[in-house]
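Next come two complexes, and both contain subunit A; in the first it sits with subunit B, in the second with subunit C.
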Partner chain A sequence: MIRFNNLSFGYSRKKLLYKNLTLSIESGSIYGLLGKNGAGKSTLLKNMVGTLFPVEGSVTINGMEPKSRKPSFLQTIYYIAEDVYVPALTIKQYQNLFAPFYPLFNKDNFYKYLLEMEVSVDGKLNKLSFGQQKKFVIAFALACNTRVLLMDEPTNGLDIPSKAQFRKLIASVMNEDRIIFISTHQIRDLENMIDKVMIVDNGNLLLHSSIADIAEKLCFKTVAAIPTNVKVLYAEKMLRGTSVIIENVDGEDSALNLEHLFNGITENPTMAKQLFPIK
Partner chain B sequence: MDNSLYKATRKRNLEMEFRENQAIYLQIAEYVCEQLLLKLWAPGGKIISIRDLAILMEVNPNTVQRAYDFLQQREIIANKRGVGYFVEDSAIEKVIGFRKEQFIETELPVLFRNMYLLNLPPDDIAERYKKFIEQNFNNTNHEK
Partner chain C sequence: MNDTFNLTRFGLLLKKSVLERAMQIIGLMVFVLCFTLMAYSIFLYIGGWGMAQNLSFIWGFVGGGTFMASIVFSYFNTNAGGSAYLTFPASALEKWLCGVLITGVFFCLIFFSFYRLIDYCFVTAYHNGLDRSSPLYQRMYNSVNLFSFEGNIVRQSTILFVNFAGAMLVGSLYFNKVAIVKVALVVCGVIAVVYFLNLAVAGILFNNIDIAFPYYTVLIKVGSEVGNVELPPRAGAVADAFLQYILPATLWITAYIRLREKEI
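Let's look at the complex of A and B:
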């Protein structure tokens, strides 16, 4: 479990991005962190992995504080940055150098994932294309078997078949002891993978809810006319009518459209707070 | 069973796209029901595991779990601890009952509306229905 206790963070003490953020992230779920450019998504991830420290308050991951950077903590977490860096090493050299830091690293899975992602095994890693390098890092990260896996825009740079392969890999490695935390604005790439959604804007946590809870409270559909007797979170004109997100008064079980949800929540933060109070 | 039909339906089902409006877990439940109605999965048999179906459909395993819970509540599948999920003996009747209800509630009104708007009399539809069954299902041992 990851806990933020009254965390405040800013790149300067005078201008805080996050103020008194308190939240819990539970094992066994794939979290999707959504936010506009510059909303503070990567900042949040870096506070979790210990490359940035909170100005006030704390983060704890399974009882440990990232900022003390103890090996016992670092071996339980893997962070894939948006822009990956790989040195001029072969895959084998890379594995020999970095895998020993992760006691649960599984070599067979590593090569299986590389094969599934179609990453060629010859030559130096820095000669690979950006997409290939990214897939290499993803395969390595998954093979490390850490309890916490943080990914910043993991589908950026992946071609279409690789995105599907990535989803299959994530489905195959997910289990109830793991936290997979994905920050993205490519919502469609991961729409059916995420089961908990967090939306941040200007350092505010606007939504932190499960897909099931959202579907219970909101109904996503296309209508001929916008209903007048219920709360409307979002409406967008489409070819076949108007796509709306309305209060789910009839108990319909509709599929979420995360793009529309994101727009609705960021445009109507007050209504969002009423519908989904942040505990 | 006519083998070409078996292959055609199987192909179509594996390539099933998610429909726009229905919750994903219900669409997964529907996929399972479809396999049962098409007799691709037999009563008493073990079905695909939660993880494998999640990988196949590129969805969160928790969503497949929710679909399987839903089917279990309706006594269509059963969980044998540590072994996996199995098709209940009376699954087909249960699926037919459940799907009939769904069809009458959600699909028939759309059909009726279009029949009315396009001025298609029920007799005409009945004739076409008969032809469709002859063309598509005649050589299969589909009951009723």
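Let's look at the complex of A and C:
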């Protein structure tokens, strides 16, 4: 479990990005952390992994404080930054040098993931393309079997088949004890993969809800005219009518459109908070 | 699990730290050794034994050691590299000790061994090349000896090494990009400030100050005569202790504290 307790963070003490953020994140879920560029997504992840320290308040992950960066904590969490770092080593050398630090590392799974992601296993890692390097790091991170996996824009640089493969892999490694956190502004990459959504903007947490809860409370559909008798979170004119997100008063089933949801929540945060109060 | 220090983990980390950037660490070491060999040869050709032994040792040891110190923590050039390093499951103490061991122990051991080897080869070649029947043989033989590791040059170089390497370790944790250049600028700036401050203080106390470099060189020039102002023994001992122990210890320990507190 990840717990934010009155967390305040800012790159300068005078100008805080996050103020008194309090929330709990349960194990067993894949979280999509959405936000515009510069909204504070990476900052939140860095506070979780302990490469940035809260100005006030605290973060605890499974009872441990990331700030102290203790080995017993670091071997239970893996953070993939937006840009990848790979040394001039072969995959085998990398595995021999890095894997011993992760007690739950599974070598068979590692090579299976590499195969599934179509990562070339010959030559040195730093000679691979950016996309291949990224896939390599994702495969290694998944094989480490850490309880918490934080990924910052993991699909950046991946081609279309690799994005699909990435979604499949993430779904396959998920279990009840794990928390997977995926931060992105490429919302469509997360569709059908995540089961919880967090939306941040300017350091404010605008939404923290499960997909099921969103589907229960909101209805996504295309209409000829915007309905007037229900609350409208978002409307966008399309070729064949207007795509809307409205309050789901009739208990309708509809397919979630993350991009529209994101636009609706960021444009209409007050209504979003009424519908999805932050716990 | 011991979160502060674990010998097995430390061994693995040390192996990883060296092999992960073998080209940088081993490559730099090889470069420094080659540079020292070349410097020895060139200075021997242009300036004789004293210049060859002293200058190649100073440049190789102090210069090479400073360069080595600048790369042991150079993970922070990129956000991803810095994050990967900070979140790697080893303690800050173990990571710091790796840096200290590579810079302060491995580099010194390899450099001193190599230097002794090349010096021995050069000196032996010189001795063997002398004409044993010459009346000057003994004098010429005795004029060239192995470079002493107990002399003043080594002592002064070691003081420079521990201070510059310490500054570089700290600097590479403060400056994420081109740390070596930024630290060199800061060190030059500090030395310039200290020099002019010392010159101003010496100027208040004495007339005719010629040079007033802190601690070792305060020279007074009267006409064509130059005199050296020496510190009183007690003040000299304090200055010695500061330069030899307090300043380097502060710098090297600051690197550990900075590594613990480093954010990226």
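Throughout what follows, the second predicted complex is superposed on the first by the 279 of 279 C-alpha atoms of A that agree within 3 Å, B and C clash if a C-alpha of one lies under 4 Å from a C-alpha of the other, contacts with A are read in each partner's own complex, and residues count from 1 in each chain.
Quick note on the criterion: a contact is a pair of C-beta atoms (placed from the backbone, for glycine too) under 8 Å apart; a residue touches a chain by one contact, two chains touch by 3 or more.
Note that the structure is predicted; figures quoted are calculated from it, not measured.
Asks: Is subunit A touched at more residues by subunit B or by subunit C?
Replies: C
Asks: Pick one for A:Pro71: touches subunit B only (first), subunit C only (second), both, or neither.
Replies: The second partner, subunit C, only.
Asks: Look at A:Ala212 in the shared chain and tell me whether it touches subunit B only, subunit C only, both, or neither; answer first, second, both or neither.
Replies: first
Asks: Please indicate which partner A:Tyr111 is in contact with in the superposed arrangement: first for subunit B, second for subunit C, both, or neither.
Replies: It touches nothing on subunit B or subunit C.
Asks: Considering the complex alone, what residue numbers of subunit B touch subunit A?
Replies: It comes out as residues 18-24, 26-27, 51, 54-55, 57-63, 66.
Asks: Show me the residue ranges of subunit C that touch subunit A in the complex, using the header's touch definition.
Replies: 1, 3, 6, 9, 12-13, 15-16, 19-23, 75, 78-84, 86-92, 260, 263-264
Asks: Going by the contact rule set out above, which residues of subunit A touch subunit B in the complex?
Replies: 28-30, 164, 167-168, 171-172, 174, 192-195, 211-212, 215, 220-222, 253-255
Asks: Once bound in the complex, which stretches of subunit A touch subunit C?
Replies: Residues 46, 49-53, 69-72, 74-75, 77-79, 81-85, 87-89, 93, 97-98, 100-102.
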